[in-house]
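One chain, chain A, appears in both complexes that follow, with chain B as partner in the first and chain C in the second.
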Partner chain A sequence: MSNVFIAFQSNEDSRPLVDAIVADNPEAQVVYSPGLVKIDAPGRLVIKRETIEEQIGRPYDLQQLHINLVTLSGNIDEDDDQFTLSWKH
Partner chain B sequence: MTSIDLQAKEIKPTRNTFTHVARYIGGDKPATRYQEATFGAQPTQNFHYRPTWDPKYELFDASRSAIKLADWYVLKDPRQYYYATWTMTRARQQEAVEANYHFVEARGLLGRMSDEVRASACQVLMPLRHVAWAGNMNNCFIAAYGYGTALTAATTFHSMDHLGIAQYLTRLGLAVDEPGILDAGKNDWLNDPRWQVLRRLVEDTLVIQDPMEMFVAQNLALDGQLYPLIYGSYVDEHLTLKGGTAIAMLTSFMPEWHDECVRWVDAVIKAAAAESPENKVLMSDWAKVWSDRVQAALAPVAEIALGEHGQAALQETREVLNARTTKAGLTL
Partner chain C sequence: MDKRVEKNKHTLHDLYAAMTHDLHWETTYQPMDKVFPHDRYEGIKVHDWEKWQDPFRLTSDAYWKFQGEKEKRLYAVVDAFAQNNGQLGVSDGRYVNLLKLFIQAITPNEYYAHRSFAQVGRSLRGDALRIATQMKSADELRHFQNQTHAISNFNKYFNGMHHAPQWFDHAWYLSVSKSFAEDAFSAGPFERLIGLSFGFDDLLTRPLFASLMSAVAHNGDLSAVSVGFTAQSDTSRHMTMGQEAVKFLLQQDAANLTIIQRWIDKWFWRSYRLMTFAAMMQDYMVPKRMMSWKEGWDMFVQKPGEALFAELAQLGLRKPKGWEQACDGKHHISHQAWNAYYGFGHTLAFHTWVPEIAELDWLSQKYPDSFDRWYRPRLEHYAQLHAAGQRLNNQSVPMQCQTCQFPLIFTEQGSGRWTAYRETQHAGETFHFCSDHCEEIFSNEPEKYSQANLASHQILQGQCYNAGVQENTAGFDRQAAVLDFCQIVQGHDNGDFKNSEDALNFENWGAGQDPQEAQL
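Showing the complex of A and B:
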């Protein structure tokens, strides 16, 4: 199955995002390069609002992730609670 | 013509964080700003002189509290507030409150409220300026005499939050009525027999000597009943039904703030109680004694606010507080 991926600017804001993704996607691979953090996952990658909120201890609006979003691949399925990348149509 | 070859070169930092932070997070890993601003910041040695006003203790002395913790940094703030995150959060909330004031004033909503609602709101909310000021003093006390930056930084923020709430109440009074309303509120606070039980309780908290007892009394027992009763049952439910939505808009910060702080207060209590059975017993006693006193002190206030429904609303708030207390690991 081909990978999906998402990449953020590597900074203080995206750190809890990356931690949340790693917690929710055991197969995700995190690659740090200068200024950038890219997360690959086979087939599917989910970002959950609840997990991020646990990390930061306060409410989080998933739309905030776009501030630090660099690039992604995969089809997006998103609502207020989750943001999923996959190859499903 | 020479061609220029541009390449990204990765420079690895020699280490990821400070040694004193690394000790707390289990090795040299990238640390959050909260961790770097908090862990290891408490001065611990080489104090040279004891305070002349209280030579039993060192300048910073964990034994000022009967609560014993091997490491005071376990009292972490789940909101991860350090100066920047706290000010940014509060600034956003201040903008929301300003927008609400603008909305209410531009539409003259305060003028459309009945005199009865206006009078009731002032009668209930104005004396609470003084309660909020005591909350400011009490959290300042914890910040000054408590131990460990995890606790003292968060209580410093909390103390400023209380001051902000006192200011919001003042501003509300000035928006709803003439400046004399503030004096009327103070007069009730000092002389109206229905406020004297609460005033006595609040003044008794001002002289608590143990920072952790202060934390339980002020932040758990008092705030844990006052805020849900006043801003939940009274403003958001009772006043709104009677056409006082404008008051709910102008006090929107308080219930939002309280919900946020509950998580911090409960986390601190849970961590302290989990350390030892002795801590648990001590804190359970404090929670019980102060929650009972607060409930008794709020009884006449609940009646001013909600009339015959006051006691039921207060009892309901108490039950919510009891559930929180038990969930945090204390016994009632």
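Showing the complex of A and C:
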């Protein structure tokens, strides 16, 4: 099975995103390099608005992840509540 | 007070449909084919444009809101960096040469991409896709502006940046980049969409804008890394658009497969060649090393690419023809390029140098299968020549590949020894190439590529001198005359880094990081 991944600028804004992803994706692996945080997961990775809101204690618009996004890999699906990366193969 | 304000009642999907597909109308004053005259001639067939959707569901209002937010944050960093004399805090004076090559070779391509995608946005009759391409056009202009703004701070203190647009048009080594941009700009709208958003953005931009930018952060340039990372956030949308376009077109009509495959073969290969500059930057131009080009390739090209093509195989697509050769090239191309540009160092608008011994050791360790055997001995030889007052200065005019316009410096697949060289005839002339793949690109469209402007030919034809300059006169120096024509200032922009004005200034200003203290 191939990995999907998503990478963000490593800053205080993206920290709760990373924490939410780790909470909702048990097989996710987080790697830090200067300025960058990259999260790999086998086959599927989901980011949930509700989990982020629990982390930050205020409402969150999932599209805000564009601000700190750097790159990603996988088929994307987004709605109001979650953002998913996945492969079918 | 804490009453939660209801967001608008439409879901993201509803809003997206309302602000993209639902804006469509069939023209009545003029027929649709007259309003959109350019989206049939490439042979691509589309039956239902509503099947293309942006997975991000990004609408214009959200686009401007988030782009505005990104710009506010970015320029806070760029301005603070300038106000704090951040250029004094980069690792080493040699690093600035990465920025010079960036503004000379990459930044002008951003502007071309902006123009290209404005045209794509006008040409295609699918509304949702048109909106996404218009966003890409605005994004690429943003990248051109961001890079220019950030690097303009360094231009106040260092050479090699002041005439980047003129150098892009005339300097021999930058025609690699210019011919890439013009190849796309003279292609049809679907080819640009697939070639640039998928072939380039989705397959090959990550090592330039993710791993290289992380190395830039490691070298203390907070301004450039912020520009690079925020650019790649936009490119994440572009690669998604390209990926969706490939799937969409393959599902729309079986006739599209052959065309799409050929474009992917071509643009993967042209993009791979262009990324040779990124390879050179990663292995030679970030003095404080982090990750090798080979490691960046594995992480950001090979693995995600294998996954992507395993996925697209379900739609009949195979990997690009040059895939294996490009993956083999990860052991070689950065070294081959640096070796070549070092020898032509007097003809470039940036400095070159032989790496320090500790840096050569790092390269030996990162490239166990190639560096010590093929490349280290050459670099050590150049260092000896330089120490003996005979710094290598290649006076010849290199033969360029007719398609990618690189000098013929690449070796056969699986070999560090044999220079790869191909030729073919067309209309009574012989044309020369660096590889089978560049030769095939030519042979698929010989009328186009036989008309390419090659700097090496122009120089030898005497077209690259200022008015009044005559060959065959006493004291004529062709290299100097061509540099004058290109407006590269000799002794300032070109030559070895050692004893350059930049090097002396950097030291006098007390700039740079202590290598001992700077360890992470």
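What we mean here is this: the second predicted complex is superposed on the first by the 88 of 89 C-alpha atoms of A that agree within 3 Å, B and C clash if a C-alpha of one lies under 4 Å from a C-alpha of the other, contacts with A are read in each partner's own complex, and residues count from 1 in each chain.
Assume contacts are C-beta pairs under 8 Å (C-beta built on N, C-alpha and C of every residue); 3 or more make two chains touch, one makes a residue touch a chain.
This structure is a prediction, so every number in the text was calculated from the model and none was measured.
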| item | value |
| --- | --- |
| Which superposed partner A:46 touches (first chain B, second chain C, both, neither) | neither |
| First (chain B), second (chain C), both or neither touched by A:70 | second |
| Partner chain(s) touched by A:22 [first = chain B, second = chain C, both, neither] | neither |
| Partner chain(s) touched by A:2 [first = chain B, second = chain C, both, neither] | second |
| Which superposed partner A:12 touches (first chain B, second chain C, both, neither) | first |
| Which of chain B and chain C A:56 touches, first, second, both or neither | first |
| Which partner, chain B or chain C, touches more chain A residues | C |
| Which superposed partner A:80 touches (first chain B, second chain C, both, neither) | second |
| Partner chain in contact with A:34 - chain B first, chain C second, else both or neither | both |
| Common interface positions of chain A, toward chain B and toward chain C | 33-34 |
| Of chain A, residues touching chain B in the complex | 12, 15, 33-34, 56-58 |
| Residues on chain C engaged by chain A in the complex (per definition of touch) | 4, 7, 11-13, 55-58, 62, 66, 69-70, 73, 206, 209-211, 213-215, 217-218, 225-226, 229-230, 232-233, 235-237, 240, 243, 290-291, 300, 303-304, 306-308, 310-311, 313-314, 520 |
| Residues of chain B touching chain A in the complex | 8-11, 30, 32-33, 77-80, 89, 260, 263 |
| Residue ranges of chain A touching chain C (in the complex, touch as defined) | 2-5, 7, 9, 33-36, 59, 61, 63-64, 66-80, 87-89 |
